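Scroll down for the structure; my scribbles are underneath it.
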Amino acid sequence: MSLKNKRSVFRLAAFAAVATLALAGCTSTAGGVAAGSTGPIAKEDLVLVASVINTTNPYFIANIEGAKALSKKLDIPLEIIDSQGSSQTEISKIQAILAQGKKVVMFVNTVASSDTPTIVDAVKRAGGYVSIWWNKPDNFEPWDSGDNFVAFQKHPGVDSGRCNAKAIGDALGGKGNVIMFPGVQDSTTSQTRVAGFEAEMRENYPGIKILENQPSNWDPQLANQNAKDLIAKYGDEINGVWSADDGMQLGAIQAFDDAGLLDKVKFASDGLYPDTVELMKKGYGNNAIVGETFHRGYMASAIGLYTAYLAATGEIVPSELPKEKRTSFFDIKCVTPDTLDEYLKYDTPTAAADFVDKLVETGPWDTEPATLIGGGGPEVLPKP
Amino acid sequence: MSDVTTPPAVLRLDAVSKSFGSNRAVRGVSLSIQPGQVIGLIGENGAGKSTLLKILSGNYRHDEGTIAVNGREVQFRGPADALRAGIGVVHQEQSLFTNLTIAENIEVNTPIGRGGVNRLGLYNWRRLYADAAQALDLIGSHLNPKTRVSDLSFVDRQMVEIARAIRVSAASHTTPLVILDEPTAILERTETAILEREISKLRDIGSVIFVSHRLDEVMRICDRVVVMRDGELIADRSVDDVTEEELFRLMVGRETHAAVRNRRSIEPATKPVISIQDLTRAGSYTDVSIDAYPGRVLAILGTSGSGREAVARAIFGAEGFDSGSVSIAGYSGRPSIKKAVALGVGYVPAERKTEGMVGEMPADQNITLTHPGSAAIGPFELPRRRLSLARLWFEKLDIRPREPEHMLQDFSGGNQQKVVLAKWLNSSDLKALVLDHPLRGLDPGAAETVNAQIRSVCDDGTAIILIPDTIDEALDIADDIVVMRDGRISGVFDLGHDNPATLDLLERML
Amino acid sequence: MVHNALSKQSAVGIDTTAIRIRESVIERRARFRGLAEPLSLLMALAVLIVVFSLLNERFLTTSNFQNVLTQSAIPLIVAVGATLVILLGSIDLSVEGVMGATGMTWILLSANSRGGVDLGPWAWVIALGVALVLGVASGLIFTALKVPSFIVTLGMWYVGLGIATMLYGTDLLPRLEDEGLKGWTSRISFGLPNSFWVALLVIGLGILVLRSTRIGRVTLAIGNSETIVRSAGLPAFRVKVAVFAIAALLSGLGGILATVQLDIGSPTVGSGVLFIVIPAVVIGGTHLGGGKGGILRTVLGVFLLTILNNGLILSGVESSYQSAVTGAILVAAIVFAAWSQRDRLRVAK
Amino acid sequence: MTKIESETTKIDRETTKLAVPVRAKFQSVKRIGGWHAIGPIVIFVAILVVVAILTPAFIGGGGLAIIASSSAPILLLALGQAMVLNVGSIDLSNAAIGLLGAILLALTLGPVAGLSPLIVLLATTAFGAVNGLIVAYAQVPSFALTLGTLGIFQAVALVASGRTTVYVSSNGEGIHALYESGIANVPLTFWMGVLVAVSLWVLLRYTRIGRGMTAIGKNESAAIFSAVRTRSLKVLAFALSGFCAGLAGIAIIAQAGSASPTGLGSDLLLPAIAAALIGGTSISGGVVNPLTVIFGALTVALVPIATTAVGIDAQAQSLVYGAVIIAVVALTMSRNKASIVK
């Protein structure tokens, strides 16, 4: 076979493959404007989908737990999507599930705010129903996108930050120096928590000085290193440490523990991970952890999925709901070492199933401890 | 050398054969080498020499026949086996690790447990250096074993290679057989002379197989000469019973050309194409002035320290200089390769494989790489026309096989060099061609055809600046000879009028 | 006859003293040339230290010194392996994956908050065994299947992360229970943090391997020319696999230490290490093409980057700019190193 | 030309027996070349067939269009990367440049509307060219250099975005249409990549520029001595990488309507390199086919989707992804026994 023939064979093959690819694209375009789908769907046709950022963070593990519990309760199959921290992976995996023609009831913990429009669009086109948690663009509201984008839900970050600030402020008696470990800088979740923390300190604890903040990308290892550097920089000037989530706090605590400063420093953070519960129960480091905000991943996923499920089965019509039930803020609880015991019941092996039982009884907006407390628009940040 | 006592042969081959598919590269070669003998192995490229050497060095396994070393039959499973048997090969392409010291290069092949490696598997550096120094001493070299090879000149690197080959055999307590695969191909005359002296010392320690294209060297150095052709060993002669001409005939299977110079001398044109004035580069050459005229071959002779290669590169714009000027066709601005090529200069570098050609590119694309000629319209190439253009060049320069669409690296050395020439000849306006060792590594047959091409290019009115391998090469083809010594011009000859003797030229080189 | 004349010439003997003198000059020059790069690195380090200590007096304190050493320990350990791989002319991108898999294996087999088995020292053996398997796999695929190391180790990165993720499952965060090990890495013994002592040991062994063992010397030889290594009958295959195995073992050790340091198991325990280690090796002056460089230079590179990071935080540079400063220093370092060697014929890839 | 025809030279015949082994060698080279060209396509189709058998609904439901649309930014980055790999260098900063481009586009689309994509492409091309200029004129290894500029571009993106997600405030419709509308159900962003691939293919195969680039990748010294403008061409290769990165940025904005330093497109560096290599690009330079890179990108996009579609456990997907990447490159790359792989 001459070289020339070889080449033309290859060219032909390449062309044919591209052409096949082009023609094989079927009815639902990946790009075209979606019609959207309304009208109830029979329960048997549904599939639950929970999309999480990774499968190793305790919060996301709880997300999966809640989805499983609801799947069992409603007797609807469940698929889990692991975004592996990547927007692209998240979107394409969601699309892959949608492409199989199933009617989805979906809960998505978005990797980045900007993923929301794309995901909503894809779900809409496939006639599914989706609730988005935590991250979405401020100007992209469910009521502008039709019924398939059932709801955007979150726990308010400002409240979380304020709650932590109060805990540290009180523990320090209104005086002292604090360092902060925000998450990824461009995350709205981190930004709102930071804003709440700073506002509370500014407004109610003028004696407390924020020395510095070192964004630590939700990474315990990075928080650990940054904490070490800040200890070197400020030494025993540091009285309080705030982290935007418990993962980073675990890294920070370890750094202070290593430096032998744990007894003198107070910590507060968001999430009340099971490990944090243990540390608080033990009173680790002279009761180092003085405040936590409580919420559980299984509640988030169950609420999100159940809201979407109700819309899919026609039990609620999203467009008829008030705005705060479309963009919704759910309560978080402030936990101190004194009130910790009240929350232990939410970590028992049957806690997720118990919550789902109650959820199905009382509906998505009224289930303790995560009740609807506001919403109807973007979270308002305190004025600096 | 008489075989009165008949000690066991260092190496004995019996009907050794090796085939690649249907191609029988080595056919029934039988050969015996006695201790203290220096055997010359000659043959054209493709005659089977390299295959035979690779069998001896353990890189290939032979299909038939037996190999016996020091009377014991051996089967080499890899290069390490051959080394252990005392066969050390000094490769054509240098095979030293330039980032390591001399000592390590010498000791690198010694079996673990000896050669300065202690029981923990750790190197004993002091012993390593001492052993290496001893090996160097055996061949009369006084290099510091701690020196890195990258800092050595070529001839010293050859020394290190020879020392390594000897060291290996010494470590395995065998009589060493050192195979020198064209060690002089890239050496200058002086260096060759040093090397020759060292080789003769090797007689006292072991035996040598000396592979070379230079028949005069073979005659000088060796006791016996064996000739290979078409994979067969066709002659085994004592140097006393054979002449250079006879060897050449045996090798190529035809008569040699008369060594008589048969050039018509063209009178220099009024204007030189290339004129360099008082060119100086610190540490390399000083006040060099040379004029090259169209239709004439100007050869620059010199040893490796003469700076002639650097001058050639300066003309092509590949190296800078400190003062003086290079004027090409009247232009003498800032020199660069781009400018030189635009002005009609071509350059055939000495390192063909690494600098002269893109081996993994088809030959036709190599030919049109610099001057696409009719194979391109503006920036666009026309593959079909490129191919037909290349075919014309293949025809004209007799490049084989006539398949320019194939990778250049798959052609033989001579054919590659012709493709490199064609690359420059494809210019519509080639004014001068700088040839840096154009015949290096070519067998006599290939060298002759390349030489013929150079002559014909010159006759077309191109100025040629030639850095030849040998004085003979210069005398054979040049119209003008410039001799350089230690960076300065030490002699200028116009062969139309002068008739310098070889010794005359040599004196000015050294 | 030409050759008669020549043989007379050579019979007389050619004076080689000129060559010998040239050699000795070259030799002397070469001896000092080797020092130029480390010297400039040391100077850069000195400048950084002076500048940072002027910006913040806390920079030059014992506690910060120990802090920097603790933080440099894990990158140092991993960088020793990375240097060996780069000296081969290859690259190992899998460090973070191997760290994750090894760290996770180790903590799940040690006393941890999830309960389960506590194998004590065997946890170390098995965890490092996992690293070894990953390294040997990389090495074998690279060497036997001739897949470029870049892609093999890129894939192995994901494989390691995958193993860690699967081991982790959906259970609780595994937390170290052994009180003796908790905080062990940053505890001070004889004035230096424990993890740094481990790093010193690894560096010492690394230098010994590179300088005085067959693996080390053949590694350098392969980096110089693999063709010659093969034709010389040296064990290129085994050495390449061994180097990848050593690199993975060291990454694994780094993973375990990082897990001890953090006190909790996480598949991403190694995150960010690769982007300290590779720049550190390069800044140290080890050539990415292989054959040239060394472990001590890499150590300087790691120190440079760790001190830089620490100093930037201490002098209050906003964290957004930190990656830019690190990047700019890397660019400056390589441009500085390459500037004097510029030549119109030089090839840099 | 006239020279060739004008004269005949008598040349001694060189031995013709050489032709035999040479010819044998040619044959094997040809075979490898064939698989080299077809391999990436075969692998992609093979994985697709497996997925189709296991989950027919996925392919029927427009799965291919999804793969194509999610491969678009990877494809664009991979094409740029392939051009740089072709000259024997590597560009670790191109994904960061792409993301910076997306952020710049999101910032400027409101104020300057239609001019914005032009400005962004100009800027990203310039960023790439700066990489190229330093590589070519300071003669530093591109791996190290672009590792450094990667950090710089990341920081610039973080600062330019104000450390937050930047949304396109207005005039985003035109860009969004690239994702919204498509040919054969596949968004224009992918076809943009195909168009670029074809253009680069033409550049490499039919122009002197492309020939020169390939010569640099195969033997830079020889290219220098053949008066190939090695420096300019290297700068051009890096500039093309920047340009492609800019297009990838546009594709990101088209899909998401916004950009952020850690959002969509922030983790495309390694997938894009993998795509280029799976597409048959040699990491040591001189071997590239932009058309097969299309299939490299499709494969890289397909693997995570396929693992989800066929229902592999979420926690095992990373492992499968890694193993498949290695296996695919091992299957597609051309190699011969004597070659040295780094």
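Which chain is which? They are A, B, C and D, in the order written, and residues in each are numbered from 1.
In the analysis below, contacts are C-beta pairs under 8 Å (C-beta built on N, C-alpha and C of every residue); 3 or more make two chains touch, one makes a residue touch a chain.
The structure displayed is predicted, hence computed values, not measured ones.
Novice: What's the overlap between the neighbours of subunit C and those of subunit D?
Specialist: A, B
Novice: Would you kindly say which chain has the C-alpha centre located farthest from the C-alpha centre of subunit A?
Specialist: Looking at centroid distances, B is the chain farthest away.
Novice: Which chain pair shares more contacting C-beta pairs: A-D, or B-D?
Specialist: Contact tally favours A-D.
Novice: Taking each chain's centre as its mean C-alpha position, how far apart are subunit A and subunit D in Å?
Specialist: The answer is 34 Å.
Novice: Centroid of subunit A to centroid of subunit B, CA atoms only: how many Å?
Specialist: Distance between chain centres, rounded to whole Å: 70 Å.
Novice: Report, in whole Å, the distance between the mean C-alpha point of subunit B and the mean C-alpha point of subunit D.
Specialist: A distance of 41 Å separates the two centres.
Novice: Measuring centre to centre with CA averages, how many angstrom lie between subunit A and subunit C?
Specialist: Centre-to-centre distance between subunit A and subunit C: 37 Å.
Novice: If you look at subunit C, which of its residues touch at least two other chains?
Specialist: 165, 168, 170, 320, 344-345
Novice: What parts of subunit D, by residue number, touch at least two of the other chains?
Specialist: Within subunit D, the residues that touch at least two other chains are 158, 163, 221, 224, 315, 317-318.
Novice: Which subunit A residues sit where two or more other chains touch them?
Specialist: 3, 55, 185 - these are the residues of subunit A that touch more than one other chain.
Novice: Tell me, which parts of subunit D touch subunit A in their complex?
Specialist: The touching residues are 30, 33-34, 37-38, 41, 44-45, 55, 57-70, 73-74, 158, 161, 163-165, 167, 179-188, 194, 255-268, 271, 291-292, 294-295, 298, 301, 304-306, 308-309, 311, 314-315, 317-318.
Novice: Could you please specify the touching residues of subunit C with respect to subunit D in the complex?
Specialist: Interface residues on subunit C, with respect to subunit D: 88-91, 97, 141-142, 145-152, 154-163, 165-166, 168-170, 226-227, 275, 278-279, 282, 287-290, 320-324, 326-331, 334-335, 337-339, 341-349.
Novice: Would you tell me which residues of subunit C are touching subunit A in their complex?
Specialist: Result: residues 56, 58-59, 61, 63-64, 67, 70-71, 113, 164-165, 168, 170-173, 175, 182-183, 185-187, 258, 261-264, 266-269, 271-272, 309-310, 313-314, 316, 319-320 of subunit C touch subunit A.
Novice: Help me check something: in the complex, which residues belonging to subunit D touch subunit C?
Specialist: It comes out as residues 88-89, 134-135, 137-145, 147-152, 154-156, 158-159, 163, 220-221, 224, 270, 273-274, 277, 283-285, 315-326, 329-330, 333, 335, 339-342.
Novice: Give every residue of subunit A touching subunit D within the complex, in rising order.
Specialist: Its residues touching subunit D are 1, 3, 6-7, 10, 13-14, 17-18, 21-33, 55, 79-82, 84-89, 91-93, 95-102, 111-115, 117-118, 137, 139, 184-188, 191.
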